[in-house]
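By letter and in written order, the chains are A, B, C and D; residue numbering begins at 1 in each of them.
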């Protein structure tokens, strides 16, 4: 494939990669949720992405927008909790910006992610610093934009985005939660890493890993 | 006091002694009951004899029969379980045979105990070998009668009775329970000492200790 | 020991004070001796029904006092049967001139104390008939032993006989009905955990994380056998089949089915057990006409369940459907 | 993990199958998407009431479906709010043309999923009003946070609004009533033990033998503070006083009081708590006009309790007394 171009197959392998990672990290995510939530984030994400993969055949041949919208709608219909509507909205919005497209430029891919993040914030009303997935998604999108605008190769940019997501995730540890279930704990929410920020970091980590070959050509 | 004569004060100190012993052995009796019953025999006996001692003033000046009847009625009214009606009947029957008496001969004391045992068997329908208090009371009464008829001093006879009660109590360990709560365990009742046989042994142990001085005069 | 209590020795009295405060419309609570009676007792011309037993089985029996069920309940200390003076006073308090039925669970202590109470009441000219419930198939019945324990069928007998008394049936008729219900009811229970008697302070028995007790009673006693933990479906079969085979319940029989929690098991699990029980009954051609799923006859906070099946004819079903107004069981009123 | 279950992933579906088998007279259960509806839904001209949330809180909400209470309940996975398609389908199933009220507990997940469902239903021309219950005084309220949790008042709101809908009140009226009940209801809970989510297999948090959690929610979350175990009377004060001071409830107020068990606490303990609660209310000049003592909104097998006080006027009391016929709450029918 041509360097820096994301095909529908790339999107599918990204989602497949994420489904596997969520499966492996299921217990870890649930443990994080047990500390400041209700011990189901791992099970929720695992259930949701297993369903997404099962539905892949229904979008065979379909465009990237259709794949991402199917992903969002499936998450909404199978995950529940806060994670379901939020990740569901993330992918549905991303899908809306990529309607009809069979491939994306790095900047189009970024635009899709930014639209997804905007949707998450619209639904969840969370801003940065409230100890949620927004704290991983926001710096990740910002880093990706910075890198691409600086002319970095896509794979490098994605590595930087994943790194920013990881730092955002770690930054949730000292935060006092003011949104989501963890907010009920008040002071006791401090000192724990947010599970949703963690699953969001993993999403960018998978992108970086999947598209790693994108500049080697 | 004259050798071998049991006064109402002797009876009272016997009951006082038993109340103390039951208090000390409360947890032990309850443990035994936990293994093959419902973990309340110690608490039941402790509650009952605390009440008996509290009522002692009501029989000040009264005869031995009145003291024993009060004891039985108080046990019936405060113990509950199987222990309450059985020990209650034991003392009520013993009281009936000592009506109006201010003192007892050793044989009269024995007759009172035998009447009590008969009452227990009439109420509970248990015969020897069913893993109940009857297995301690029966050999104790038999040993006391044998010793007294052989002309043994009262204190010596009581020591032998207490020893027989202890052997009877230990003999319940290998028994398969066929009466009382322990019978529901079937085979699993084997290998445990019966709590009621244990509290009955302690009753004779107290008698032997209280009346120990009865031949030294 | 982790319990919402103050002093262990005050548990029963404070519970009774709570019941009195919570249900003044349904019951009155008498202290020394302790018993719970219908707020409107005695009811002239109606057969009175008195039951009782150790505390720790809530809602049984106090939660079943009210219109269409019990006239009085006598709570003993935790897991210790009450004393004769309680049943004697309760019997007098509910006697409306038509006599009083004592529903007694078959435990030596309960039987002996109710027996003494009946003797006292009869001495005062009150007609008393006692019916002993012994429905636990985990215990082999025998003339030479204490026989079977009284468990889940007691709840159904109290509801059905209560309705019959409410209809104005005679003491003999209500007693005969109670014997019929006892003859047609069978139960068996199991435990996932032990329970802790307040004045003891530690679990009555230790049950490893991977073990369960089958054939337990309702006093935290260990059961007939201990075995490795099994699935809900396997456990339901281990309880249901001995019950079905004991009566035996036959194809074409109609039953009232109860899946009862032991106190610490949540409803979500009891419904999973009921699901399998319904499947098993169906497989045997047995029709479940009515059901109860919940905590009705418990052992403090023990986790586990029991199953009761009661063969039911039209009379029993009509009496079952009749209005009942108690804290623990209520419909049609 | 000791539970009466088969596979953790089958817990909710098998529970629903059990409910369907046990209560065919009261409810129908729909699978994929999962929801429980009144056997006689939809009722033409009556406002429909739909609630829902994660499973593990039984009898809430499925046990409250029936005449005089909910028209439908949507159970999610254990402690996970249900998905929009469940509420969307349930809303269509109960819509009798008078509109549908969504009673939503204030948890981000519940709020977001109900919100999406309401958008879908409105897109199909069904009038939907959502009322969010947020009565937990353990959580400081604030515009800048997720706010307070919805707990015990939910049960009372479902009963009271269900009766109002049964009377034929309009969607606006029933929604306004629901907001009034939420405004007048306050709750707080505590835990003696954690609980174990089936697919997790171990307790959500560890609580030493001598410690308790105060200010818990209903999802096995740890509470606001951990402290050494106290007596029932002290614990009751720690829950009741913040509730009374928050509204605040004043001398002369009439209330409906609920002492709710978290699932693993036996009735005998709940009545001991109720006893003290009644004493505290009396001391504050607050009259308890009606009460509930038992397991109504639970966290699986967690041991502990919560207290709810609802200020009540004549309208609320009349609606409270109106007939209700559900598996979990029943009287007058």
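Convention: a contact is a pair of C-beta atoms (placed from the backbone, for glycine too) under 8 Å apart; a residue touches a chain by one contact, two chains touch by 3 or more.
As the structure is a computational prediction, the values presented were derived from the model and not from experiment.
Visitor: Determine the set of chains touching subunit A that also touch subunit D.
Guide: Correct list: empty, since no chain touches both.
Visitor: Computing the C-alpha centre of each chain, which chain sits at the greatest distance from subunit A?
Guide: B
Visitor: Would you mind pulling out the distance in Å between where the CA atoms of subunit B average out and where those of subunit C do?
Guide: Computed value for the inter-centroid distance: 33 Å.
Visitor: Taking each chain's centre as the mean position of its Cα atoms, how many Å separate subunit B from subunit D?
Guide: It comes to 55 Å between the two C-alpha centres.
Visitor: How far is the middle of subunit A from the middle of subunit B, if each middle is the mean of its Cα atoms, in Å?
Guide: Here the centre of subunit B sits 77 Å away from the centre of subunit A.
Visitor: Two-or-more-chain contact residues of subunit D, please, as numbers and ranges.
Guide: 78
Visitor: In graph terms, nodes being chains and edges touches, is this line, ring, star, complete or other?
Guide: Shape of the chain contacts: a line, open at both ends.
Visitor: Where do chains touch, given as pairs?
Guide: Pairs of chains that touch one another: A-D, B-C, C-D.
Visitor: Along subunit D, where are the residues that touch subunit C in the complex?
Guide: That would be residues 2-6, 11, 14-19, 21-23, 55-56, 58-59, 63, 78, 192-193, 209, 212, 229, 231-233, 235, 263-275, 278, 291, 293, 295, 298, 300-301, 303-305, 325, 327, 330-333 of subunit D.
Visitor: Taking the touch rule as given, give the residues of subunit D at its contact with subunit A in the complex, in rising order.
Guide: Touching subunit A from subunit D are residues 33, 54, 76-85, 107-109, 112-113, 115-116, 136, 138-140, 142, 144-146, 149, 197, 199-200, 204-205, 217, 219-222, 224.
Visitor: Quick check on the complex: what are the subunit B residues that touch subunit C?
Guide: 30, 34, 37-40, 43-44, 47, 76-86, 123-124, 178-181, 183-186, 188
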